[in-house]
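Heads up, the next two complexes both have chain A, just with different partners, chain B and then chain C.
Right, the complex of A and B next:
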């Protein structure tokens, strides 16, 4: 009791004055946070200017919003085609990643079998291997097997390169589910597969949602393998299409900016709708990974 | 789990096989194929000439490759400061009771991590642009017009200039990672430390940093792995230029194979990159863990 009183009297003077350290820390963090969004806001409003207006003063707000930049960007990039290609590849990859990660993660969490440690290590290796060193060998392999330049081409590397972390996330999540649930299911006569799909899968929905959202970003944004494995213009994904658009129309900045805004629209919407879940997912992955 | 629930062997294999097959096809098979191709002189046609270790001997004398490797190392160093270092400081600040709007800071600083590296590179190309760049406009506004220049044409600090977008994009991720690590520290330890009079910087230095060491080690390893394999940012931002001054290993291997059609040499480069990266990760694991032990013992 005495100790507490003493502590309070020691602390109380601080509370009444505006603390310079407190101001400085808050100002610093606000500055940092602002620096993360100001360049994007600048692109956002600059995309609504005419070329002349932009060249005249790059910082000023648009006097009359030019939505025509967006129509031009959609036409020139063939944005609808790009988005459809990206959506198809991303959707199927995310389904594949989530399904494989669930089954593999569940089994590694619950069963002991020969070679389990080797398998976990093998998947972990994928997180460290410099995947961009593999651009050349993967291109040669895909070309030999006739797998390059197909509508499904990108799904293969996208699933493979995104398995490591999801498997670990699922595995540690399943370890946190009490085993008694499965034992009860076994007594009721449910098979291993039945338990995995009908009992545990519904419980694992939160971690699977996190996995799916995080891998959505990774697949939607991927560029290198799309660059190397696709020649066919009609198969290009959004980041790939944007890079060609940029090199062909690099002088019309407001139009380029409109294209950039369009290309990041899906991830931006998903991020701000699910941000708390995404942040929690990244943090739990960080602790367990 | 009881024996009753154990699936038959073939069921287990059937469940694990799809993942292992697709993963091996894209990770293991290309490495083995690259190892084989690296002993040939091959321009992609039907003619492959066995040249033994010729490609590897050439790599040892390839100045551009070693310059690219040094750029990777330099980028890693900048990354450790800009991503792990600043991430840790911001996480510490976000832990303190003084800070308001914590949710806003977390949400906004992680947002760039969700954008495509290509878009990040375009954005920073616009920031660095001579005539229409945010950086030059800002400098002019601040009365520092003398500093205005064509940033991406500077050969000297080009690696630093290319590392800034990378740090900008990833700092939010590392802040979250650190926050997660710091949140596992026992609250009672911190309270006892405060009762003993350790506050602010002293608390951070003597209590939090030693306890956060495992998180710092994991973050550093991730950062090293990320920067050693950097490709997309550099490809889209500078294309390795001016000249080769900002080239990185993966970009050099890409150009050698796809622009000069030297697939044998490109394969040897792939093996060299994997080997060098693994060595770097191994070396840093040893260094970080040794320091960890000696600090722990002291």
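Right, the complex of A and C next:
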């Protein structure tokens, strides 16, 4: 209470004219925001233009909205099939990532064992290796083990390549949970795994939600593995489908943009529904309680 | 041996992984089950481009006809978009796991031949002389190494044509495209007064300058013998006056302000859009832009577009009407395919996809096939597409540098020309740098 009063008294009185420095910073931030939003708006209204209209003036508004672009985009790319493929691969990968990240993150946070530092470094190292350097060896492995071109093919690299960050997030979150809770559970006779799943797992739900949502975006948008590891057209994912709008020397931009909007829709909805959780989750674990 | 590239290294890694795995699946998949022939085919032609792109339309029509005529042959086809194809094909080639039939851009051919990824096709083509001899002169060249044909060309066509707005040129007193460089500069000046660029230009992807400008200009000035001499290491130099003059012409157009200022940061699509918007009176591009104009240009622009090539150069040694061109992309066959029924079937399929009937269709929908289509129905062609076709057929095709020069030289030229166009280096400096890269290449053991 005292602290609050003190803080209030420090606040400067309202001024009629805003502080020019603050104004400048706000203007800058507004400009920055606009630079992020305007391209999205542009994609939105451009998706309603005819190709000739787009070519004539790329910035103008559509004279008569062409909703047929959306229908064409759905037909051309077989959007339902693409979305189903993406959804299946993404959903299962996210479950795998979240589960492995929880167990590994928990263990690295709570247990001391030989080689722990090496293990953490190994996971960190995973963030540094560029995917393109690994495409050929991974392609060979998959081909030789008969794992390429199956409905589950992409799940394996998606889980493997997306583990680093989630493990770090979970680990730092678990470190923030007071050990006393686990000690109390142990005194009550709960085993290690019992504590891990029945006591700490519910507490870790916020960070696991964050992990799941972040990795959902990553898997949904992945392109390189999907391109190289899949040959069967019926297995293609949404990012691959966007190439249907390009030919060697020209691109149907309005249809491509309609396709992009459609492919962004699921991730955008998920983002809006869960945005507060993502932010909360990323912040959690940042401050040690 | 030393010339073998990065890909070979990758292949060594790849093969060691293969042997470590000790799997025999590759052999299994290569074997044909029973009497059915299975052909795997990967290319960059897509169903979704039928009707929009002449090449896609013609090639896929050929494939469809082949499937109808040979229902017993199974084709496992993978269609990919251009850039995606490059990524995937290079990964598969490094893993030595290319499909039976695939596309090889001319600039990859040396690498693929050196690494024995592609099969020589001479013997097979000799069995089909009528088909083999139907290709336009020079179109097989970039798919040929040391006298052996490794690739069947698909489309040819100039990479240098000028599409210009006749109404805009008429408004400054030119009834046709300026016939000399002095006139062209004069037209540039008059257009600049009206706030219009002479040419729109877009070299963001690096390679446009070389494809559509440098190859044609240098040939005008130096003649084709110069290019041959460079390729054979017979004494021609990039520091020769003719090459510097060609680059100088481009640099002058930029310096005079006759091109759009963002010339290095916009791509080809934007360059064409500037023309559609009336911000430029012309643009230089390949024959592929003809159908882009027919399909996408505003009506008044479409109606006033005509086709030309660069004016001749005074005292130039080359054909004043020549245009850089030829085939750039080839169908090749995996070196693992053995002579016999399967190879026969593959050759027949390729004839369906690139031969006479397919060529006719490609020409009728506005493309320029590598195979001479003979007489075809021009009735359906838009005048712009027809003009581009006629200019292409009339032009004397000369070599496109990026298909022929070593990648190290191409890279220096592609990057350096951006500097010249931006005014940060002179044509002489670029010539000097290119010559250095060329000498390094020549001195390789």
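Keep this in mind: the second predicted complex is superposed on the first by the 240 of 289 C-alpha atoms of A that agree within 3 Å, B and C clash if a C-alpha of one lies under 4 Å from a C-alpha of the other, contacts with A are read in each partner's own complex, and residues count from 1 in each chain.
The definition used in the following text is that a residue touches a chain if its C-beta (ideal position, glycine included) is under 8 Å from a C-beta of that chain, and two chains touch if they have at least 3 such contacts.
Remember, predicted model here, so these are calculated numbers, not experimental data.
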item	value
Which superposed partner A:136 touches (first chain B, second chain C, both, neither)	both
Touching partner for A:56 - first (chain B), second (chain C), both, neither	second
Touched partner set for A:28, first chain B, second chain C, both or neither	first
Contacts of A:76 with chain B and chain C, given as first, second, both or neither	second
Contacts of A:117 with chain B and chain C, given as first, second, both or neither	neither
Per-residue touch tally on chain A - higher for chain B or for chain C	B
Which superposed partner A:159 touches (first chain B, second chain C, both, neither)	first
Which of chain B and chain C A:179 touches, first, second, both or neither	first
Partner chain in contact with A:198 - chain B first, chain C second, else both or neither	neither
Which of chain B and chain C A:231 touches, first, second, both or neither	second
Shared chain A contacts, counted only where both chain B and chain C touch the same residue	55, 58, 135-137, 139-141, 224, 227-228, 243, 246, 253
Residues on chain C engaged by chain A in the complex (per definition of touch)	10, 13-14, 17-18, 21, 23, 25-26, 42, 44, 46, 48-49, 52-53, 55-56, 76, 78-84, 87-88, 91-92, 94-95, 97, 268-270, 272-273, 276-277, 286, 288-289, 291-292, 295-298
Interfacial residue positions of chain A with respect to chain B in the complex	7, 19, 21-22, 25-26, 28-30, 32-33, 35-37, 39-40, 42-43, 54-55, 58-59, 96, 100-101, 103-104, 107, 110-111, 113, 119, 122-123, 125-141, 156-157, 159-161, 163, 167, 179, 182-183, 185-186, 191-193, 195, 217, 220-224, 227-228, 238-239, 242-243, 246, 253, 256-257, 260, 263-264, 267-268, 271-272, 275-276, 278-279, 282-284, 286-287, 289
Residues of chain B that touch chain A when the two form their complex	1-2, 4-7, 11-12, 15-16, 18-20, 22-23, 25-27, 29-31, 33-34, 37, 90, 93-94, 96, 98-101, 104-112, 114-119, 122-124, 126-127, 131-134, 137, 141, 168, 172-173, 176-177, 179-181, 183-184, 195, 200, 215, 218, 225, 228-232, 235-236, 249-250, 253-254, 257-258, 263, 266-267, 269-270, 273-274, 277-278, 281
Footprint of chain C on chain A - complex, ascending	51-52, 55-58, 76-77, 135-137, 139-141, 143-146, 224, 227-228, 231, 233, 240, 243-253
